[in-house]
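Chains: A, B, C, D and E, in written order; residue numbering restarts at 1 for each.
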Amino acid sequence: MSNPRWQTPAALRRIARRNAAERRFRLLGLGAIALSLGFLALLLVIMAKNGLSGLNWSFLSGSDSTDPHMAGVWGAAKGSLLTMLVTIAIAFPMGVLAALYLEEFAPRTRWIEWVEVSINNLAAVPSIIFGLLGLAVFINTAGLPRSSPLVGGLTLALMTMPVIVISGRNAIKAVPPSIRDAALAVGASKVQTVFHHVLPLALPGILTGTIIGMARALGETAPLLMIGMRAFVATPPGGLTDPSSVLPMQIFLWSDQIDTAFVENTSAAIIVLLMFLMAMNGLAIYLRNKFEVRW
Amino acid sequence: ACGGSGGSSGGARDYIHAVGSSTVYPFATAVAEAYAKAGGGKSPVIESTGTGAGMKLFCGGVGASFPDVENASRRIKKSEFEDCQKNGVKEIVEVQVGIDGIAFAEAKTGPGFKLTPVDIYKALAANPFGKPNTAKTWADVNPSLPAEPILVYGPPSTSGTRDALKELILEAGCKTDPAMEALKKSDEDKYKATCQDIREDGPYVDAGENDNLIVQKISQNPKAIGVFGYSFLESNPDSLIGIPLNNVVPTYASISDFSYPGARPLYIYVKKQHLGPIKGLQDYVNEWAKAWGPTGYLKAKGMVIAPADVQAKSAEIVKSMTALDPSTLK
Amino acid sequence: MTDIKLQARNVDVYYGQKKAIDNVSIDIDNGLVTAFIGPSGCGKSTFLRSLNRMNDTIADARVTGEILLDGEDIYAASMDPVALRARVGMVFQKPNPFPKSIYENIAYGPRIHGLAQGKADMDVIVEKSLTQAGLWNEVKDRLNDPGTALSGGQQQRLCIARAVAVSPEVILMDEPCSALDPIATARIEELIDDLRQTYAIVIVTHSMQQAARVSQRTAFFHLGVMVEYGETSEIFTNPREARTKDYITGRYG
Amino acid sequence: MILSAVLLAVLALGLAGWTFARNKARLLYAGRGSMHSMPVYHGWHFALWIVLPGLLAWGVWSVAMPTLVNGSILADPAAAALPADDMQRAAILSEARAIAADPSVFAFDPLSARLADPIRVAEGKWGTIGALLVLICALAGGAHAWTRVRAGFPARTRVERVVMAVLLVVSLMAILTTVGIIGSLVFEAGLFFKDVSPLAFLTGTHWSPANAHGGDISANFGAVPLFWGTIYIGAIIAMFVAIPLGLMSAIYLTQYATRRVRGWFKPLLEILAGVPTVVYGYFAALTVAPKVRDFAAWIGMNNPSTESALAAGLVMGVMIIPFVSSMADDSLAAVPRSMSDGSLALGATRSETIKKVLLPAALPGIVAGVMLAISRAIGETMIVVMAAGASANLSANPFASMTTVTYQIVQMLTGDQEFNNPKTLSAFALGLVLFVVTLILNIIALRVVKRFREAYE
Amino acid sequence: MTDIKLQARNVDVYYGQKKAIDNVSIDIDNGLVTAFIGPSGCGKSTFLRSLNRMNDTIADARVTGEILLDGEDIYAASMDPVALRARVGMVFQKPNPFPKSIYENIAYGPRIHGLAQGKADMDVIVEKSLTQAGLWNEVKDRLNDPGTALSGGQQQRLCIARAVAVSPEVILMDEPCSALDPIATARIEELIDDLRQTYAIVIVTHSMQQAARVSQRTAFFHLGVMVEYGETSEIFTNPREARTKDYITGRYG
């Protein structure tokens, strides 16, 4: 005794057609993901095919060389490491403090709006422009040494700080107001509330954003072209002011070598860099999952 | 870097710093490596900035924050030398380290071009002899050439190789017309535009800084011609052959004796004032002298060695470190 | 003897241009539970939060008029809002323990106010507060468990204990049971009755039944105005105003 | 030397002050409400009053000292030999200072070796004076604060004010960076526009800096082909890839995927954005570009170029997918669940609900996301440097080689160029254009997103 | 004559492991308004949503037992949820018009189900639905205005019109008035009374007063169990179960 209006052949056909459209649409979505990830897989497979055979201890521990069989990535990796140290030492505290100020304390004035617009915009400014800035400010004006992890790190810090501020603000925003209310209601001051409760609770989120920002900085090449890191450096840098290369720059330099044996080196270096990045991303995801709090 | 506030890094530097040409870069890195291996000290840092940008850094001043050596794929210009002087870089030692040929090449399967500078000038100039370039095929330029479309992959406007192409080939082709010589006297700018400007309507393709890619393109495209440093031709003997200019095939020999028109000298410039303070700078320059000979390893890297008399003269300069005489510059 | 703890005189509260509380005057006595009732959005919470200056934290909220705590104007420049909030504690609608241990939840307030001289002292405060909130027996063996691991009703009692730990004089409660089940609600209601011996208590509730059960005085709010205020038994059996009567008999809300 | 030592001394004083003041404040405690602030805040207040004046004096002195030392030096007979040129003089002096600090340093100029000794003496003198001054400031500050260690003193409020000031200053860094970028770009671009008319630069269609010589070079700096290449690669081809793939991925992940699938695929997709662009560039140049060229040849093009807008654009599109998908993801999630419930309850299928209700509602957010993605794409450098080519072609043929703004910036600043040449300076003008365009795109996008969010709050 | 429209037999609903509805059986008759009441979280919404399979859209929700619409199992494989939801319409707590014109809001359902043969036909449907929802006179001159520009009460009536437009047989309403002011609430309550001539109506409400005003049958839920079901007048004046009585007299909730 079911409803005849929905049992007519026309109605049934219509429903069948709509359900088919539904399935098609769903497949389309799945296809889009498959295609995107397929591309990623292709990239990884090709790099692995070209580069895996070149990954050995002497490659991992050596530095740049004109002989492809002698060349290694340690020098560049150490340069990357030092550069990242500078970047994080500057971008992290500044980013976190700025995020705290903007989210918790800033009065809603025109001025602060400008700060916000600048930060959001800086996060999207092409990286090469930070290279121009680094060249003008750190090298030409401040006279810091060219090609050094110090200048590279400072330049990348300017680029990374906005990313940290933005993710930091989101993490701070995600701390429920009820926690702030709770602290204020027992007589904590605003500053105490923020530093005792909000910041610790937002920290996992901030860290996640920081790791992602750092990963981006680690893979960055273009701004470093501008500040003299496109160089042949055959000894790993001993300190922050020694000239050095970085991993992505090493890849770029090797990709331009005449000797075709460098193709293997380039791919192997890419594998090393990608492993670093995936490890960082993995850590970020782990942190996010571990500390993600549902309020 | 203006020396004014450069004080913070005015202290010591215990490695050699060279900047400049991307053409010289592979040779400079090889020398640097040999120098370091010979126990000369910390490995020198070689930056590939391009000749001009390198000159700017090199001439920035004297002191640890300025490079010691400039690699150049052309001679220093008078204006650059003056800038050096102004910034206190008084004595510069010029050493010719070898030769680079700009090679014209086609794929092994190509039609077998034989060209002259005039052909190339007519095919590639923006305004050959003052008239807009309408040539579409090589036959338009010279009826004896195949009627294939003109397609030349060459270096971009920012490269020293491109300058060499303009000065060594195009201008040579251009100067075959006496009217041009006259023009040079009357209107230098116009002369330059007529003899050196490269057409931009398609037949000449800017292929980017990456000479590797030009090589690949040519080997895939039999009807195209590529222009790049000789070393690239030498390291791809399976896929490429050189195109004779004036019936001279670009070979090692023809470039080193300058019988091939596309040969140009490569230089390094050394800051004499740095010889004392920078440990090992003299050794590094000596290492160049060891390497550029007929049995040296630079040859294996694809550099064309200079003729014996040039080598001797350069060796003499290295030994005595005689400064460059500015009156020979233009 | 009347024992007035808090006095509001002609209080208006604005959010930006919008007036959320219109000219409310009320006396709140020690030793009693005062209930604020009224339909949603009538301004109960807004008024409650102006009693311990929690409204300061809302950028565009503005309070005019006078609110006196023991005769002292709480909005005077000389009054430190931080000290004020230690004297006028607050418990919120949704239990909001800090994501820390039970012990730390209680200890936080005394610590920032320097109320304890050392660990032993603090232990005493924690035990006393939890006992007052009727939670000690349930949690005494797991003081290091996170406060968020407790059940909803226990969390709310933890929040009450936290408020009590800084020895306030007044406790404000904004719908403290609305997120709880009936059994937990009953526990809290008992607790409120106990606490009123020591503190002046103000409670906002949307349930008239609850107001009737726990309070001695009731204020009825409507559209930002305090329509009626008096003995709870009076208000529920014999309201003076028509609007109160309509509300109580379920005509709206 | 001595100045660094005095800095340490000031910090040590601060630490000691912190302990003293806190302990003193503890003695004042007489039960609840007897003090405004906890003792530790008195400690901080006292320490800040020591350290901040000390630091301030130290900073001022560090800036002033070189001038004072130079003044003393110039009185030295050896200084008579200093060259007149300011720049050379400064270089020699700074070198001499380095030698004074570390005698093992070798002198580039014999004069600086001679000046080193007088410098050492002068630095010793002025350094000692400075150190005393710094100490006096620190102690004076401390003395002032010591009188404030009283029960009623609002130390917490004061300390918190300093904390706020620090936070404010840090936040202003963003403005400073922006100003720095604009300043350095505008200054150099200004030099460029002395030689080249801005109008010709922005509207000219002929880009050939190589042939720029002689009188009027404006005609050689028409940047439209670069703008076109940038837009064609970054905003057209890349978006052709990124929008459908990103949008459909986001739809699948938010609307169809189970939580588990989403938990796996979303981070995987985000890896695409994390791959360094130099890797994409290498991949584009080595793997994708030849395939594109083969394809072009196969469809009958004569002599297709290896470097093509299509190869660069395709790879860039893939890189951008996560940007589009995560913005679309957010926008779809921001559409309240009640919207889709409303549609589903009427008997609409999921896909009908998505197409007719969710997408239109999320459109502003998606558009904003696409704009952000475009601004990312047009600023992308390494992919185009490695795969797009250098020809300033004004063509709609995706198989043609094209160049972009970022490519030219890199070339102009690293190629064989004479300095102070319009060719080099044009890089800054291009940088300025790029900055302004991304700024506009971002401001629009942020506005749109904001309004969109408000609509549902 | 009983005229049973919907029949639930031993229905359990789970969210993951958690049982939110426990063994509920109920008959819902044509021509009547059935109210579900009970304290917050007792499962009213959950049960309501299982009546038109809206729970399908929640990933981990699972329904067991039988629900029959005109004797046909709505969870049977042969039942298409799309057609089912067209027959059993739903109105939500917060008015949720689509961000489209008023006309399009109504036309959306008929269009996807192919109920109109052309524009004229659609116009008739739109007018009829809006009239039934008592909104026609207020909006007939601005059918192209966005639905979101209406007031809250109008929006809720628009949502009712939207549900009516696909000619359902049952209309489920989940606290349809809780976001509305008292006047708008009164309008909707009148409307419900009109609509029950044509449709079987189920309404969830947290207000016992509202249940008493609009419904003929009332089901009382508590902790996922249906405690009592019967004539509304019976339930309110003479509840059989103690829990029902406690709830109605305001002992909790």
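Assume a contact is a pair of C-beta atoms (placed from the backbone, for glycine too) under 8 Å apart; a residue touches a chain by one contact, two chains touch by 3 or more.
These numbers come from a predicted model, not from an experiment.
In terms of the stated touch criterion, the partners common to chain D and chain E are A, C, listed by label.
Put simply, the chain closest to the centre of the protein, by Cα centroids, is A.
Bringing chain C onto chain E by least-squares fit of CA atoms involves turning it by 175°, to the nearest 5. Highest C-beta contact pair count among chain pairs: A-D. Chain C and chain E have Cα centroids lying 37 Å from one another.
In whole angstrom, the spacing between the mean C-alpha positions of chain B and chain C is 83. Inter-chain centre distance (chain A to chain E, centres taken as mean C-alpha positions): 48 Å. Residues of chain C in contact with at least two other chains: 83, 112-113. Each of the following residues of chain D touches two or more other chains: 285, 349, 352, 385-386, 413-414. Residues of chain A in contact with two or more other chains: 18-19, 189-190, 230, 255. Interchain contacts (touch definition given at top) occur between A-B, A-C, A-D, A-E, B-D, C-D, C-E, D-E. Interface of chain E with chain A (complex): residues 70-72, 80, 82-83, 86-87, 112-114, 169.
On chain B, the positions that touch chain D within their shared complex are 2-7, 10-12, 21, 48-53, 55-56, 61-64, 73-74, 77, 79-80, 83, 86-88, 126, 149, 151, 156-160, 162-163, 189-190, 192-193, 196-198, 200, 205-210, 213, 216-217, 220-221, 223-224, 273-274, 276-279. Against chain B, in their complex, chain A makes its touches with residues 63-67, 139-147, 228, 230-235, 241, 243, 253, 255-259.
For chain D in complex with chain C, the touching residues are 29, 32-33, 35-36, 38-39, 154. Chain E contributes residues 39-41, 182, 185, 207-209, 249-253 to its touches with chain C in the complex.
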